[in-house]
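Down below are the structures I want you to see.
Both of the next two complexes hold subunit A, though its partner changes from subunit B to subunit C.
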Partner chain A sequence: MARITLPQAKFVRILFFLLIGVTTLSLARTFADSGDLSSTGTFGAAIGLAVPIGLAGLGGIWSERSGVANIGLEGMMILGTFGAGWAGWQWGPWVAIAAAVTYGALGALIFAIVTVSFGVDQIIAGTAINILGLGLTQFLAKLAFENAPGGGQTQSPPVSALPSFTITEISEPLSALQKEGIFFISDAAGLLSGLFYQVSIITLIAIALFILTAFILWKTSFGLRVRSAGENPWAAESLGVSVYKYKYIAVTISGALAGLAGAYLAIVGTNVYREGQTAGRGYIGLATMIFGNWRPGGTAAGATIFGYINALQLRDESNIGGLTLLGAIILIGIAVLMVARGMRGTGAALGLLGAALMSAFLFTTKMPTEVALVAPYVTTLLVLATASQSLRPPAADGVIYRRGESH
Partner chain B sequence: MTKIRKLLDVLTAPMLAITFSLIVTALILAAFGANIFEVFSKMYDYGTSTRSLTLITNTATTYYLSAVAVAIGFKMNIFNIGVNGQYRLAAMTAGAVAGWISMPGPLAAVVAILVAMFIGALWAGVAAWLKVARGISEVISTIMLNFIAIGIISYVIVQTNIGTEVKVNVRGTPKIQEGARLAGYALIDPKVKIYGFFFIAIAVGIIYWVVLNRTRFGYDLRASGLSPSAATASGVNSKRMTIYAMLASGAIAGLVGLPDLLGKEFSYTLNFPANYGFTGIAIALLGRNNPIGIAFGALLWAFLDVSSQILDLEGVPREIVTIMQGVIVLSVVVAYELVRRNRVKTQQQNVGKALAGAHANVSTSSEGSK
Partner chain C sequence: MLKGVKLASVMAAAALVLSACGGSDESATASAAPSGAASGVKVGLAYDVGGKGDGSFNDAAYAGLQRAESELGVEIKEVEAGADETDASREERLRLLATEGYNPVIAVGFMYSAAVGTVAAEFPDTTFAIVDSVVEGANVGSLIFAAEQGSYLTGVIAATASKSGKIGFIGGMEIPLIKAFEAGYIQGAKSVNPDIVVESKYMGPAGDNTAWNVPDKAKAATAAMIDKGVDIAYAAAGGSGLGMFQAIQAAGGPEKGLWAIGVDSDQYTVPSLADVKDVILTSMLKRVDVAVFEVIKGVVNGAPLVGVQNFDLSRDGVGYATSNPAVNDFKAAADAAAETIKSGAVKVAAE
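What follows is the complex of A and B.
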């Protein structure tokens, strides 16, 4: 049997995936008769929901590329939400962002001291940071917001909004085209118009940060040093790279990004700091990072997919049926590819799962919303379980490195 | 002498950590203008009333089980972050089963416990399988499984008719019949009962100690944790040990929700306490996976949680205690690391001295022959 190979050039490959993706989406929309699956509103919301997840994932990339596994992202994000709420209602949204980034970075700095300098297990330290971040914000929130106008023990006064952009000249005609319901074309139009519909300034910053990260980590000598600390710190040290320094920098950046993710939740997602606002998004960010193979492009794609699933569920429960069908088509598609490539066992397992989803779609009148709730996590586990061959975390990720000790 | 020395050695790190966290907490309180001594004495007074002591015992029971579940994993270098998902799924299922079956009371309680252990082990078993068969780190898989468990629970309680309206606007599993409850005994305070599960937790602690220190399985477990390669060389099947450890950890994790379920709530609702797993991690670290150390850790944690209830009335946010707990965890792991390094250093120095002495002896005695 002829081997199915993917196009090699990166740009062509992305285009190829987009083409397949939109076609699949279109199929699902048509058969599930659920127009919202590719509406402007859904894509707009998806991008909005993807931003905090993606930023947390990007933070994960920085930290783990330098060899520090960071499950403390959640705690740093919580610190960010508080920073944004606290500074935001007093001095406006821009100071809020600065405060959130600083708070997240400070949390990360403590994490770095404990993991890098003292060489404590990174997972343990991350767990402690999550406990500490939660406790600290709850404590400070009570003191800071209880007597503030419009605030409460668990909620800050409102923060004024940041600018957001809608390019109506592009968004509106595309949105109209989307409503026509033409196969493929309408779905592509919905996707595109969503990109120009109520885009927050932080979203633009986030996109810039993704590009910047890809550039810094893979195209500069600084980035090479950071990654060498995560791949082989002993070799890096022997070549004169100060591994500790690069780990410190990378982990602090990681926390700053998690803090920014928190700022997004507090300023754009809602307009207040609220207890429990992060709702485990730090962990989902970690999942997108794994999904994206510890790379910015894949992580952005993962965050968008997770944001999309979340958006569907939040907009209308009837979307879940379409989502289930979409999942079924994707799973069966991947299963066919895998069997064609000789991975019979895994392919068959995925095919069965796809068939199960398909029959769930066909034979139940209403799919439960919980399907969308668990979809990101099940997806991550499936990716890990089936594609672990092609996933490659940094070689020294999570390894305790002590200066001067040989490997 | 050596025994006292050893005990001191063990106690140094936690004592350092607790002292350090007290200082940090005091500084934070002082920064916000609170009277430190008043805060601590209020906590002490409130926390030592008979009512509070009972509540502390009950809370510690739950924390203890959670910490033992985590510790079993730690003994083999497995990080079970999934206790949260395991106990919630287990408690929900146990609640549903106990609320549904019609059996003589005590028998129903036994069934509930077994079901909980089974479900806990099952959910942990998924992570074990993923680790052994697919090489997926249990840290990641258990985090994902926690969220999936939340989804499943929400589905069962909200969407199926297993869930009923227990209170106004609160859905949960049907109320467990009188006879199957382990509401406990009013031992210290006449009004509040000590959970029946308190005694089960003690039994779990004893079993944990015996299995770990007096059985082949425990030996293999510890060996695999200390040196996987050496354990494999001596014939321990590390994959099988991973699965067993994870299943055992999950089975104990399954019990974590039961003190509350059978002692106080009698129904698993969507408001059931959700974060005992992370508390367990913290306490297992503080207690160094030792059954007695964990007991002290659980009591300390429970004391802080219960006694802090008074603080909100005093105008001090009670979350100061969470900060304290966070600082304890962070500083205790740092302290253990420092103590370990210090020990290695002194050992090396001692060996160095001994060798130097021996060398000197050898060289003086061999001088004549040369």
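What follows is the complex of A and C.
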């Protein structure tokens, strides 16, 4: 049987996927006649929505790679939004970032003490952190903002803005090119111009952190020790690695990243701390981490996809029509690949799903709002369900490890 | 291998369920009446999610409370709600106020509907009031507002001010209450320009309480509207509305002919919105302050307002703000429209 093999070199593979992605997008845009699918504004909004989710997911990678399942990301993110609001209105956005990172890290430190040193069940401890994060910030916000000018019990006074960049020389011609509607070229132009349009400095920091994480965890001996704590802490211990220490460091970094995600929401997404503004995005971050197979690249891709779909839904419901077509094309594509590789059952199931989506696109004129609203979540679920076939979490993820009980 | 994934999904599900149990708070600020003849009346007021400082209708309730404090000499106590709480914790909050002798007990927001119904039955001698909902009970005043009438006026202003013939609407949760704002707005806009295009977007479906607290999403949605040529946008989205102001400001604001219309309180004068006030042409006023004050006055005078109390244009319960001088150009049109509604010549539909 003929086997379709993917290019092996990483760089080539990424380029290959990007090429296929843009082509599919272009196809969907042409046939669904939904120009917003690849407009500058859509990609800009997608990045804005993806950054907090991606950062939370990156935090998840750090923690779970060291073997600590971190459900508390949402709570640490909430602490981050509060830290940003509290420091931000008094001392400006840079201090706000520092405070958000510190608050998130402090939350994580508590989590680490409880789970690593005391060996409490990580799921229960994480849930406790979420409740603690919410309750504590509600309490502190009342103290800090109630009598502040322009603040209230659930909202901080405005935080001054961070610099954001628009490289006009690149963004404008590309944006013009995007509006031409040329197959493939316009879509690529929209994607690129979105990358250079009103980019927040935290977005740049986030991208750098993804690269840095990939480098530290997979290319340094420090990273190897962190990962060994998550794969087989007993073996690591026998080789003289202080597993506790690495777990502590990784979990604290995890919280710092979740705090930064909170800072993004409170400073860039808008310019205030508001109770409830994380809106469950810590959990979505956790889901993108699983989608991304506990790796930075995959997590970034997952966050981007989620941000993109969310942006489409927020910008225009009619986009969802184009999105179903896009989903149908992708699913049928994967189905063909799978059947070609001999995975007939799964392939057929995916093909059927793709056909269902295709008929949904062909036979409905306007998507009901309810469908559009849940579309991002349904897609995440679908992707998770299909992707989970080949996922591999760290072997000792979620396992309670005690020093000296080697087996 | 699959075990880890399963574990992870169970974890995620558990976290979602458990997070719903967190976060209610009962702390309160009590202050004695500073001036006026002490009436001996103690007013308890429970805010909706969003709370004081939302620059919107919780602040409007607070304004009514403040006025009652200074003019009627009542003692006040305020309590706030948590984002993900249950009816039980809302009931507990109201029960606490009633037990401590606060009368009237005023609940701000339709989220308290069930709780007010339950607790009012337990305290027949206490007057309850609920903003934005109709609750049965001999001792309950249901304070509702003809938001569609006020929104009709902002629709008239938006259509008159729009140069592109495209205007926008940002809604919070997609529920009949907010749809009434949209309906009135569209009807008002069409009365000026029958061909006007109205782009509408809601931040969440019914039941999704995060819809009121996601300014970043409102910002993205408004930016998309501006991309499509919308030049005037109106938000009825609680705390999310801030995102609309920011998007309009980021796109150039009044200099580019872009304006925003606020909601509930006069958002041009709200301190927390000082940074974006320049883009706020006017606000649809839902006079929660008038209603709250009237309820308290009723109790002070021994004639509590109970039953359905509809605060409409003729009762000064809704209107539009004129604190931004830029709105002067559109006042004639809006006031004329208000007269047609008051006289009954125009009926504004709420759906």
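Just so it is clear, the second predicted complex is superposed on the first by the 386 of 407 C-alpha atoms of A that agree within 3 Å, B and C clash if a C-alpha of one lies under 4 Å from a C-alpha of the other, contacts with A are read in each partner's own complex, and residues count from 1 in each chain.
The criterion applied here is as follows: a contact is a pair of C-beta atoms (placed from the backbone, for glycine too) under 8 Å apart; a residue touches a chain by one contact, two chains touch by 3 or more.
Because the structure is a prediction, the values reported are computed rather than measured.
In the superposition on chain A, contact is made by A:110 with subunit B only, not with subunit C.
Looking at the shared chain after the overlay, A:131 reaches both subunit B and subunit C. Within the superposed three-chain model, A:139 lies in touch with subunit B and with subunit C [touch as defined at top]. In the superposition on chain A, contact of A:265 is made with subunit C only, not with subunit B.
Judged by the touch definition given at the top, the superposed model places A:172 against neither subunit B nor subunit C. Shared-chain residue A:71: touches subunit B and subunit C both.
Considering which of subunit B and subunit C touches more of subunit A, the answer is C. By the touch criterion defined above, A:123 lies against subunit B and subunit C together after alignment on the C-alpha atoms of chain A. In the superposed model, A:231 lies in contact with neither subunit B nor subunit C. By the touch criterion defined above, A:290 lies against subunit B and subunit C together after alignment on the C-alpha atoms of chain A. Across the two superposed structures, the residue set of subunit A contacted by subunit B and also by subunit C is 69, 71, 123, 127, 130-131, 134-135, 138-139, 142, 280, 283, 286-287, 290, 370, 373-374, 384, 388. Interface of subunit A with subunit B (complex): residues 69, 71, 110, 114, 118-121, 123-125, 127-136, 138-139, 142-143, 280, 283, 286-287, 290, 368, 370, 373-374, 376-378, 380-381, 384-385, 388.
Residue ranges on subunit A touching subunit C, taken from their complex, read 36, 39, 41-42, 44-45, 48-49, 69, 71, 74, 123, 126-127, 130-131, 134-135, 138-139, 142, 145-146, 149-155, 157-158, 198, 265, 268-272, 274-277, 279-280, 283, 286-287, 290, 310-311, 314-316, 369-370, 373-374, 384, 388, 391-395, 397-398. Of all the residues in subunit B, the ones that touch subunit A in their complex are 28, 32, 79, 81, 130, 134-136, 139-141, 143-145, 147-148, 150-152, 154-155, 159, 278, 281-282, 285, 317, 319-327, 329-330, 333-334, 337-338.
Listed in rising order, the residues of subunit C touching subunit A in the complex are 1-2, 4-5, 7-9, 11-12, 14-16, 18-19, 21-23, 25, 27, 29, 47, 49-54, 58-59, 80, 82-84, 174, 201-202, 204-205, 208-210, 212-217, 219-221, 223-224, 227-228, 239, 242-243, 246, 250, 270-275.
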